[in-house]
Structure formats: C-alpha cells, structure tokens
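Alright, structures below, take your time with them.
Below, chain A partners chain B and then partners chain C, in two separate complexes.
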Partner chain A sequence: MVKSSNNFAEILEKLLRYNKNSEKTIMIITAVKLENADLSLIKKIFSLPENCKVVNKVDSNILGGLIFKFGSQIIDLSIKGQLKNFKKQFNFSI
Partner chain B sequence: MESLGIDLKLLIAQLVNFILFFYIFKRYIAKPFSQFLKTELDKEKEKERILQEIKKKEEMFTLEEKRIKEKIKKEYEEALKNTKQEAMKVREKIITQAKKDAEEIILKARRQIEEERNEMLKEIKQKAIDLSLLIVEKTLSQFIDKEMHKKINQQILKNFIKRAD
Partner chain C sequence: MKSIDKYLKDIEEEIKSINIKPKIEEIGTVFEVRDGVAILTGLDNISYGEIVEFESGGKGYVVDLTKDRVGVIVLGDYSAIQVGEMAKSTGQMLSIPVSNDLLGRVIDPNGKPYDGLAPIVSNKFYPLEKIAPSVIYRHPVNTPLQTGIKIIDALIPIGRGQRELIIGDRGTGKTTIAIDTIINQKNENVICIYCAIGQKNSKIAQVIELLKKNQAMDYTIIVNAGASDPASLQYLAPYAATAIGEYFMDQGKDVLVVYDDLTKHAWAYREISLILRRPAGREAYPGDIFYLHSRLLERACKLDEKYGGGSLTALPIIETLEGDVSSYIPTNIISITDGQVFLESDLFNSGIRPAINIGLSVSRVGSSAQTLPMKKVSAKLKLDLAQYREMASFSQFESELDEQTRKFLNRGARLTQLLVQKKNNPYSLVEEVALIWAGNSPLLDNLPVSKITEFETRFLAILATQGNQVIKNINNKKELGSDDEKKLEELVKKTLAEI
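Moving on, here comes the complex of A and B:
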C-alpha cells in the first residue's frame, strides 16, 4: 500500500517510527544528486542507524525537492508533487 | 168535328197510341234510363267522394312529410351543433396539451443547454488548469538550475531540523 503525506510533523514521525523497527533501505529521489553532506544531515535528522541504507536516486522529472520512499510509504516533497496537489484542489473546487 | 178537320177515330187512335207509347216509354225506357242515370250519378258521387278522400289523405301525407322533414332538419342541426361543440372542445384540449408539451420541451432543452454549458465550462476550467500547470512545469524545469535545486533541498532539510527541534 502506498501512502503520501506533506505534513512535516507527520513525515518526521513516520520516518522516526520506521527507523525504530529495523534496518531498512530508504530511497531519496531528487532532481539533482545529493551531496554526501546532505545525506549525512538526513541520517542525523531522522536518527537513522549506520546500517540503514540511504539510496539517492536522481529523477529530473520531479522538477525539484525530495521524495522519500521507505517500505510501503512514499513522502512526496517534490515540486511536481506540490503541483499535483494544486491540481487536485483546483479540480475539487470545480 | 168533321167540319174542323178532326178525325175522331184517328184522334182516339193517336191518343191510344200516345198513351201506349207513353206507357211503354215510361216502363221500358224512361225508368231504366233514369235508373241508369241515377246509378251513373251515384257512381259520380262516389268517385267524387273517393277523390275527395284521396285529396284529403294526400294533404295529410304532405303535411306529415313536411313535419318529418322539419323534424329531421332540426335533429340534423342539433347533431351538427353538438358535433361542432365537441370538436371545439377537442380542439381546445389538443391545443392546451400541445402548449404544455411545447413548454416541457423548451424547459427540457433549457436544462440540457444549461447542463452542457456547465459541462463545457468545467472542461474549459480543467483544460486551463492543466495548461497552466504544464506551463509552470516547463518554466520551472528551465528556470531551476543546479544551484537552486541544492538550495531547495537544503531548505526542506532545514524545515525538518526546525520541526525536529
């Protein structure tokens, strides 16, 4: 099952909870390759263990921002994702 | 008598002759003849009477015929009048129904037009949104360079840091 969320607190909680379970792989999709410093920062922010693999995938289609993929969860913080949300809201208002 | 030239015997003979003739005439000619005349007269009278009767009956028939004709004419006019009234009622009913149907059709058509208009507007709005977002995507993909990407990523991470604190 795939879920997406834009609420920072919720995202943080999910990531932290995920982290506590076991070693897993987190995929981060960006438009440009992340620096090692950024990867380290991410590990630090979400308190990821050393054995937790963080994989950075580059996809220019997302236009910008980040997409976190872990387990069955997807957290879309990309510009394309935001634009999709705008589109949904506009469609809803129509 | 003889000096006057009258023969008595002849006179008597003529007289007897006359009386005989008169008697015979009366008995054998006049009577039957008058009987015949009377019969003929009676027949004539009877004919007259029958003719009169026939005439009377004819007049009666004529009157009766006239009366029947007038009756038929009246009935015909009455029936015609009734039929006309019925026809007018039916005509009115048809016109009313036709007007009602026409109004319904117009209303239905207006509703349909309104629906189609709304649908079209919706479609146009949708297309406008899609087009706008497409333009934004294209613009951003051209506008955002590597440095901007980095800045965006760093900003996102900074927000995480703030929330984590």
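Moving on, here comes the complex of A and C:
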C-alpha cells in the first residue's frame, strides 16, 4: 500500500480538485481509534494536502486497513473490502 | 490429506495473483425501500442508466436523478435490502451477457438461466438500452418471413425486418400464431427469441414443451419474466430480448423476436412509474409510455449489406378488452408497427381458426415480402375474399339471390374454409401456393364446403408423391409456370375423383 502512495496521491488530488469549492472533509474510517500522531503520519505518507480537514471514524466491521471517504466517493483499502474482492474472484473462477 | 494441501496451495496462489489497485468508488446509502424501488442518498456523480450494487448482493438500475436523491429499480428480490445499507456504483450500463450458447436456453432478463443447466459464460455484453439504427444503416424489407399460416403468408405477408402486431382479445390464438411462426423457421436459418412478459409460468412450460416436441428449441431462446417476477424484470425483459437479437443480427443473421405481451409490459412500467411518484397521465400511465414501446420496436430493422445484411423482425402481441382497438396502448402500438394481424373472438368461436379478420388486418410491407408464385396466386384470392366480405350480409337471403351473387358467396365460403388450419401445423410454401391455386380455379366450385378439409389432406398427399417437378420449380426457381399450373390442374382433378 505504501509503495503505491504516488498513484494514491494522484487519485486523492483528483478528488480534492473536483470538489474544490465545497466544504467537505476527508473522513478516514479505521477499525481502531487513531491518535493525532497517527493521523499526521497518515497525512504525510499519503501526501494529503495540509489545509484539508481530516476526521477519524471508528468502525470495527472493516476488520482492518482504512477507508477514505470524501463526499459520496470512497477509496476502499480495508481488509473487509479486499475479502469481498477475493470472494468475487473465486466465484468467477469456479 | 494431500488433496487438501493442494487446494490450500491453489488458494494461496490465487490470492497472490489478485491485483489490488486503489480506486475511487461512488457510494450511496439506502434512504427508502419501496416495492421494487430503492431511494438512495449520495451517489453524487452517478449517471442515468448505471448499475449499482447493494451491500446485500443485489443489483439496481438508476432511473431517477433528483437534486439529492437517486431512484433505483432493484433487479431482483428487494426484500433483502435494508435502510442505511451501502450501495456502490459499478460504472457500467445495464447489459446482458450474450453468446451463441444462448440457443436452446431459458433465461431471465439478467442473463441467469432458468432451465437448471450451466450458467451462461461470456465476455461479450450487449447494452439493453440502445439507440435504433438510423436511416443510413437500413435496407428496405425484401425477404419473406414464412409463418406457415396460409392466410398470413397470402394476404398479410410478413417480411424479415418488419414489425407486425398481433392483436386480439384473450383466448383468440395470438400466442399460437407466434409459436407457429417460430416452429416454421426450422429450416429457414432464422434465430427465434420468445420474450414472455408477465405470463403464467405454466403457460411458458407448455410453450417450451411444444417447441421441444417440434425440434424448435435448437434455434430458439426464451427470455422469461413471469407474473410473479418483480415489475423491474418484466419492464426490462423485452429490452433484454432485443439486445440478444441485436447480437445475432450483427453477425449477419436473421432474427425473429416475439414479445408476449406488451400490454403486461406497459402495466409493469406503469407500476414502477407510480412507485417513483412520476405524474400519472391517461389511464394512470406515465407520460413516456409511447417512448417505452417506440424505442423498443424501432430497433427491429433490416440492415444494409454493408453492415452485415442481418435483420430483426418483431412480432409484438397486444391483448385488447372487448375488441376495443381504439384504447390507449393498442392505438400507440398500431401507430408504431408496420401492420397488424387482427384476431376476433366471433370468428374464433364460429370455428374459423386462425381467427384473423382480413378486413382489419394489414401488412404495410405487403407483396415486396412475397415470392413470385405466392404473389401470383394471392392476387385473385384477395379479390374474391373482398367481394365475399362485401356480400356476406346477403348470405341469409340465399334462396332469393341471383346466380352471380350466389356464385361469389359459394366461392368465398370455400376459400374461407380452405384457409382454416389446425394449430401447430405449419404449411410449407409449396403447399400454400398449391392449395390457394386450387381454391382460385373453378375446379372446386361444385365441392361442398364440408368436404374442403378432406380435399386438402388428399390433395397435399398426392402433391407430395406425384408433383415433384412443381415442388422443385416453386422451391428452387421460385416461379409457377404454365406447365406447373397444368400439372396442378391434373392433380386437383385426380383428388376430386377420389372424393
């Protein structure tokens, strides 16, 4: 995931550029609560722009990883999402 | 143990090979669930006609975009969807998987098979909603679609690429005409698609049995959205059938699609529109009920040779109430199609089956979709029957009429009886031409009407054994010369001698 951060930054930039004028915050959904230090680390790794507001929401259903939610769009990097993908792939190959 | 280890290893390989790429997905939340319709919030960047996937597994089709709500019709069972559930956009338009393996199968509008055999596997998808081919892609209809029904092939001929409406009250034989046409395409190299909308599953089972018995399932596909299926599937079934038809048409083949029936299709669409709170118009139908059918039927066409030369013939069926062809939906479809076959319960009950009213039936393609022999014999038939219809009201005064009128009435009664045929019993082109020629000639004038059916059976038997030259000429050279006519005269006289 970290290796793909450049690609990720592009995607996020697209998102933010698209919704430039609306006052939306980026919601990060994680399975466990994130400390402020963790949030700033995430901001650094994923190259989030400094001026955007970041809110953390806890949802244990996602099992792990994180989901970026921005308005009506999401980038799903959670374990639950990946498991769903696997399920779909397996159904296809059978 | 070894096999389990192997399976685990295979699964590990699969997981490693799956590529995970972060991508943006459009999501929404279910706000309301109504009968077959879900209202969502979110999905800010979704387009009309996209497919959304619900968290609980079902799929939905976007049909309503308002300021802050998205209306989605649920493709399938909506009872599993809960309020607050997440729905993700798939980014794809509504399509159906198509392949040559569809022949002989019974499927639902989503492409899932009903017949318990293997699922349809395909990497080719055809969109359900498509803009009909424009003028430049089309070619005028010039090839006949033989229905095997004497009265239709002679007087209201259907061509490949035409839309011909079959309209009548309940129980007048509309589905029978469609099924007989499908059965008759056995050696004609035409792919048939029977689209059942809102029909009883028992009726569909009977249809499948009939087609199997007549070896017609090999070239037929059945798209079924039964009466107990959700209105969304009944709404989409005709479009799914047309999409499959277009797949075969693009390969240069001739396709026949039967929509049975569009009345129930209009009802399903009315149901969905009312649930979506769209304004109700005449008879509570929504404002775009005409567009619903016109965009469907316009996709039936004959393509120009440059674009493959394939064709898609549509036989929509409409059920009227009390013979009222001037009500809303029938008049809409009559104005869209290239003609209609009008069935009457009075004719049906008096034993004239197929119960076609020749006066009100028309085919706007007409004789450009007829072979030369048929054109020759049907001209006189048309005239005689028209004269008979005009004088039919005088038949009650039979004893007081002059010779000429009595002759017309006799001729007409004989011809009408000659055109009667049993169901699921299609006639070949040769048999039709020979019988109508016999009816036109004065040779049958002294035969009582009750003996016409016997004459028909015997004549066709004699023709099959002794008329080989005539059969060859009509089938291969597509002509009826004077020698052929002399031979037919000889055979008719022989048959009359036997009776």
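Everything that follows uses one rule, which is that the second predicted complex is superposed on the first by the 63 of 94 C-alpha atoms of A that agree within 3 Å, B and C clash if a C-alpha of one lies under 4 Å from a C-alpha of the other, contacts with A are read in each partner's own complex, and residues count from 1 in each chain.
Heads up, the rule we're going with is that a contact is a pair of C-beta atoms (placed from the backbone, for glycine too) under 8 Å apart; a residue touches a chain by one contact, two chains touch by 3 or more.
All values derive from a computational prediction rather than experimental measurement.
Asker: Kindly classify A:77 by the partners it touches after superposition: chain B alone (first), chain C alone (second), both, or neither?
Answerer: both
Asker: Which partner does A:66 reach: the first (chain B), the second (chain C), both, or neither?
Answerer: Only chain B is touched by A:66; chain C is not.
Asker: Given the touch rule stated above, what does A:26 touch, chain B (first), chain C (second), both, or neither?
Answerer: A:26 contacts neither chain B nor chain C.
Asker: Which of the two partners, first being chain B and second being chain C, lies in contact with A:41: first, second, both, or neither?
Answerer: A:41 contacts chain B only, not chain C.
Asker: Between chain B and chain C, which makes contact with more of the residues in chain A?
Answerer: Chain A has more residues touched by B than by the other partner.
Asker: Can A:86 be said to touch chain B (first), chain C (second), both, or neither?
Answerer: In the superposition, A:86 contacts both chain B and chain C.
Asker: What is the shared patch of chain A, the residues that chain B and chain C both contact?
Answerer: In the superposed arrangement, which is not itself an observed complex, chain A uses residues 8, 11, 77, 86, 90 for both chain B and chain C.
Asker: Could you list, by residue number, the parts of chain B that touch chain A in their complex?
Answerer: Within the complex, chain B touches chain A at residues 122, 125-126, 129-130, 133, 136-137, 140-141, 144, 146, 148-150, 152-154, 156-157, 159-161, 163-164.
Asker: Hey, which residues of chain A end up touching chain B in the complex?
Answerer: It comes out as residues 8-9, 11-12, 30-32, 34-35, 38, 41-42, 45-46, 60, 63-66, 77, 79-80, 83, 86-87, 90-91, 94.
Asker: Touching residues of chain C toward chain A in the complex: what are they?
Answerer: 14-15, 18, 20-28, 42-45
Asker: Please output the residues of chain A touching chain C within their complex, sorted ascending.
Answerer: Residues 1, 4, 7-8, 11, 14-15, 71-77, 82, 85-86, 89-90, 93.
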